[in-house]
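See the structures that follow.
Both of the next two complexes hold chain A, though its partner changes from chain B to chain C.
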Partner chain A sequence: MRALAFKARVLFATRFAEMAEYRAEVVIWMLSGTLSLVMMLVWMAQAAAAPGGQIRGYSAPEFATYFLSTWLVSQLLVVWVSHELDFQIRQGTLSPQLLRPVDPMWLHVASHVAERLVRIVPLLVMVGVFTWLSGASFTREWWAYPAALGLAALGFSVRFLYEYAIGLLAFWTESSASFQEVVWLVYAALGGMFAPLAFYPEWVQRVAVWTPFPYMLGLPAQLLAGKATLAQAGRGALVLLVWLAVFWVVRLIVWRVGLRKYGAVGA
Partner chain B sequence: MTGDRGGAGDAAVRVRDLRKGYVVHEKEPGFLGSLRSFVSRRSRVVEAVRGVSFDLAPGEVVGFLGPNGAGKTTTLKMLSGLLHPSGGEVRVAGFEPGRRENAFLRQITLVMGQKQQLIWDLPALDSFLVNQAIYEIPDAQFRATMAEFTEVLGLEGILKKQVRKLSLGERMKCELATALLHRPKVLFLDEPTIGLDVNMQESVRAFVQDYNARYGATVMLTSHYMADVTALARRILVIDRGEVVFDGDLARLAEQGGGGKTVRLQLRRPATADELGRFGSEVRVDGLSAELTVPRALVSERAAALLAELDVADLTVEDPSIESVMASLFGARAGQAGQPERTPEPV
Partner chain C sequence: MKRYLRLVRIFVGATLSAQLEYRANFLGAVLASLGEVGVTLLGLSILFGQPGVTQVGGWSFREALLVTGFFMLTEGVISVFIQPNMSKIAEAVRTGNMDFTLLKPIDAQFNVSTRNLNVLRFPDLLIGLGLIGYAASGLDVTPGGALAAAMLYGSAVVIVYCIYLGLSTTAFWFVKTQNVTELFSGVFGAARFPVAAFPVPVRFVLTFVLPVAFITTVPAQALTGALGGGLALASPLIAAALFLGTRWFWRYAVASYTSASS
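Moving on to the complex of A and B:
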């Protein structure tokens, strides 16, 4: 157990030092992921022009709160592991990692967690600025914050695992990046990045509830906006736990089968 | 499978009828070629390794030679568990490498090139600390190994520099130290001195020699610098077109590579290549210096004739350089009909 704690501490500390080298890039990267903020402007304008100043119960400030929350949560769910794996497998730079007695997945986990810490301070500053500019107003229910954070943590884990499995498809294909693009679109749409899920046709909503996306992105955003209950958060967490188990197994199978296909070209 | 450790006998590495085939996709160049390939992709299997068998004893240092695409790196990758063989049997330190068990990975290392385990943006020392944690190296052993490597490799002063700011040679030394920090019992070194200057090559050779002597490690080494091989290895394995074509010591390799000896002459009066051609083959003349190859059985007779017929100031007889032996060995095989092709690089 002590060895495990030592391993985790050293891996995290090294990855944090590595990420800190790229702190400016991390902030710029955050600014590039502003789809939610663009959607915020669109929906705020629509609500302001609508009769009664509302669309399906959302006023302009409520849209601001919802989309700002979506942006905040999506920043905590950022995962780039599929791109890294795609590159490592095609270029053969996965090889040195395979020679060490640790699953390379943990090195990626350490990088992502460390990056989150580098990101957190500028993220909160930006949320503050955008809140002031947009007139957003977050919930005053204290329990909504740990609940949203817990769902975001579960959501990150689920997203990390399925993105990992997608990256591993590079064992079979020339590049797995196109798969990632398609899955991102589904994640953004069903997660509620374009609009709250309740705005979609009913059949889409019926399909969406079977996927993890509404619970990892839309639900924590709704919690922060004061539009979801603790019971909904609990149900969402259960769904995400089931998906976590599913993707854990899927990742493991794809990894084991894929390694047999590995060509270890180049390095 | 690892329960059957006895199957490996006393060998550190045991390889039987090892095979590896790759599917290679082929495409004609140009736009039309791309279109054709899009509709119907052609592929074929290239046999990179074709029934290789050998044993390495614990503590043995073996030079693994062959031309580009002969199957050296593919074999090393299979021995270290990176590639799964298409057939045959491999045991390294009693383990089946393809299973990549942690206990196996703690006993081996594979060094390929200069950009492997070091973390590019951080000082090399951070990479050492990561490996200490990953391999669960006790503090005392870590400090002792670091002190030893720092002394032998001359790492003093570079450990706290960012890796990306190190010179090629400094980086290679750090790579080697990182790869050997856990004191592996079996070392696979693929071109460990490539691109290094002569001093740095010497330093790497001395380090490998010292490590082998200190820890009794088995070393399998590929290199295009024959000085590496002659300095480190007593036994040579030669692979060509995926098959082992020679397994023995350097002297026997020299015999097999043509059976000749090199006669070097220092003349008092110049002689032409034609004049010298009567005494041997592969004649090279450079002013008053000359070199020719003479069949082993005729060395005494030809040396006496040279001394009698030419104005010779000095005459020495040597085994041919390993480079020329390899050239003649592969040249002879290239001429044989029906040989399979070499695997395209990189593999």
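Moving on to the complex of A and C:
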């Protein structure tokens, strides 16, 4: 147990030092994820121009709150491991990592968690500025914040695992990056980045509840905007736990099968 | 001039033969193109899918689809012609290969801008043109409007090229420029929608601070006939100013570049 704690501490400390060095880049990466903000502005203008100043019960400030929450949660859910894995496998830099007594996945986990910690401060500053500029107002219920954070943490774990599995496809194909783009589109669409999920046609909503995306992005955003209950959050957490178990197994299988193929090519 | 045209033909042939070696990548590229189209169309269709919504910022669905088509077309132009070249500038500076480029007897900016081509993203161009054609077929488009749109889109492509070149030229000092171009891509995402769909202060920013409006909204306005003379004149002027500015900046960067070797 002590050895495990020691490894975890070393991994984490080195990744954090690395991420703190790249803090300027972290800020730029944050600013390039603008889809939520663009949709926010468009929907706000639409609501302001609509009869009654609202569309389906959302007024302009409520749209602002929803999309800012979406932006905040999506920033917490950022995962880049599939690109890194793709690069490492194709360049062969995966090989030295296999010699270590730790599954390479934990290195990536430590990187992501460290980056999240570096990102948190500029993120909160930016959310503050955007809130002030757009007139959004987050919920006053205290329980929404830890609930949203918990869902975001679960959602990040699920996302990390399936993105890791997609990155491992690089053992077999050169096009795992394109596949990842399509999965990102489904994540953005069903997660509610284009509009709150209730705005979609019925059949899309029915399909969406079978995927983890509405629970990792849409639900925490609704919680922060004050439009979801604690019971819904609890149900969402259970669903995400199931998906976590599923993708844990998927990742493990893909990793074992892929490693065999990687070794066979004489890396 | 003829020499440069012949060089373009040689570069295209070289990159084509290199890329066609990896035919399996084509499937992945088609997937990525479809993903891009999906994102753009989804945002638009949800906006118009709300009960009672027939206009976004004064634009009907077909008209807004025009803007989306121009956006896809521009994304295609960037993926096929601009991005493969600009991403190599930073790499060349870092590895020292920029020295060899600068030693060649042709203009370095020309070499750096036309050497590579990403044929795999060609479907993006076709999809963009297809969307524009479909949207325009439902509107009254005059031949004069179509000609104006083509010319204004030409100046739009020049604007995009100059912005990318300007951002990539900073590689001579900062070496790692992928982030700034990512930043531009993020801001450019607003070009999916007509500028009038945004709140008024944002419209101002998108027209006068970052020329995003000139890239997709202005050519679309030329096709719908709603174009004002002011913007129509401003677009080529801005393109010319940017071209001269980035040319000067490029030459300044090369002049202040101390080569990779001692």
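One rule holds for everything that comes next: the second predicted complex is superposed on the first by the 261 of 267 C-alpha atoms of A that agree within 3 Å, B and C clash if a C-alpha of one lies under 4 Å from a C-alpha of the other, contacts with A are read in each partner's own complex, and residues count from 1 in each chain.
Please note the rule applied: a residue touches a chain if its C-beta (ideal position, glycine included) is under 8 Å from a C-beta of that chain, and two chains touch if they have at least 3 such contacts.
Remember, predicted model here, so these are calculated numbers, not experimental data.
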| item | value |
| --- | --- |
| Partner chain in contact with A:L244 - chain B first, chain C second, else both or neither | neither |
| Residues of chain A touched, compared between chain B and chain C (which is higher) | C |
| Touching partner for A:V73 - first (chain B), second (chain C), both, neither | neither |
| Partner chain(s) touched by A:M216 [first = chain B, second = chain C, both, neither] | neither |
| Contacts of A:F199 with chain B and chain C, given as first, second, both or neither | second |
| Contacts of A:E18 with chain B and chain C, given as first, second, both or neither | first |
| Touching partner for A:L41 - first (chain B), second (chain C), both, neither | second |
| Chain B versus chain C as contact partner of A:R56, first or second or both or neither | second |
| First (chain B), second (chain C), both or neither touched by A:L185 | second |
| Contacts of A:V81 with chain B and chain C, given as first, second, both or neither | neither |
| Complex contact set, residues of chain B against chain A | 22, 77, 80-84, 98, 100, 102-103, 105-106, 108-110, 112-113, 115-117, 119, 121-122, 126, 129-136, 346-347 |
| Parts of chain A lying in touch with chain B, wherever the complex brings them together | 3, 6-7, 9-11, 14, 17-18, 21-22, 92, 95-96, 98-102, 259-260, 262-267 |
| Chain C-facing residues of chain A, complex | 25, 28-29, 31-35, 38-39, 41-46, 48-51, 55-56, 173-179, 181-182, 184-185, 188-189, 194-195, 199-201 |
| Chain A partner contacts - residues on chain C that touch it in the complex | 22, 24-25, 27-29, 31-32, 34-36, 38-39, 42-43, 46-47, 49-50, 52-53, 56-57, 176, 179-180, 182-183, 185-187, 189-190, 192-193, 197-199, 202 |
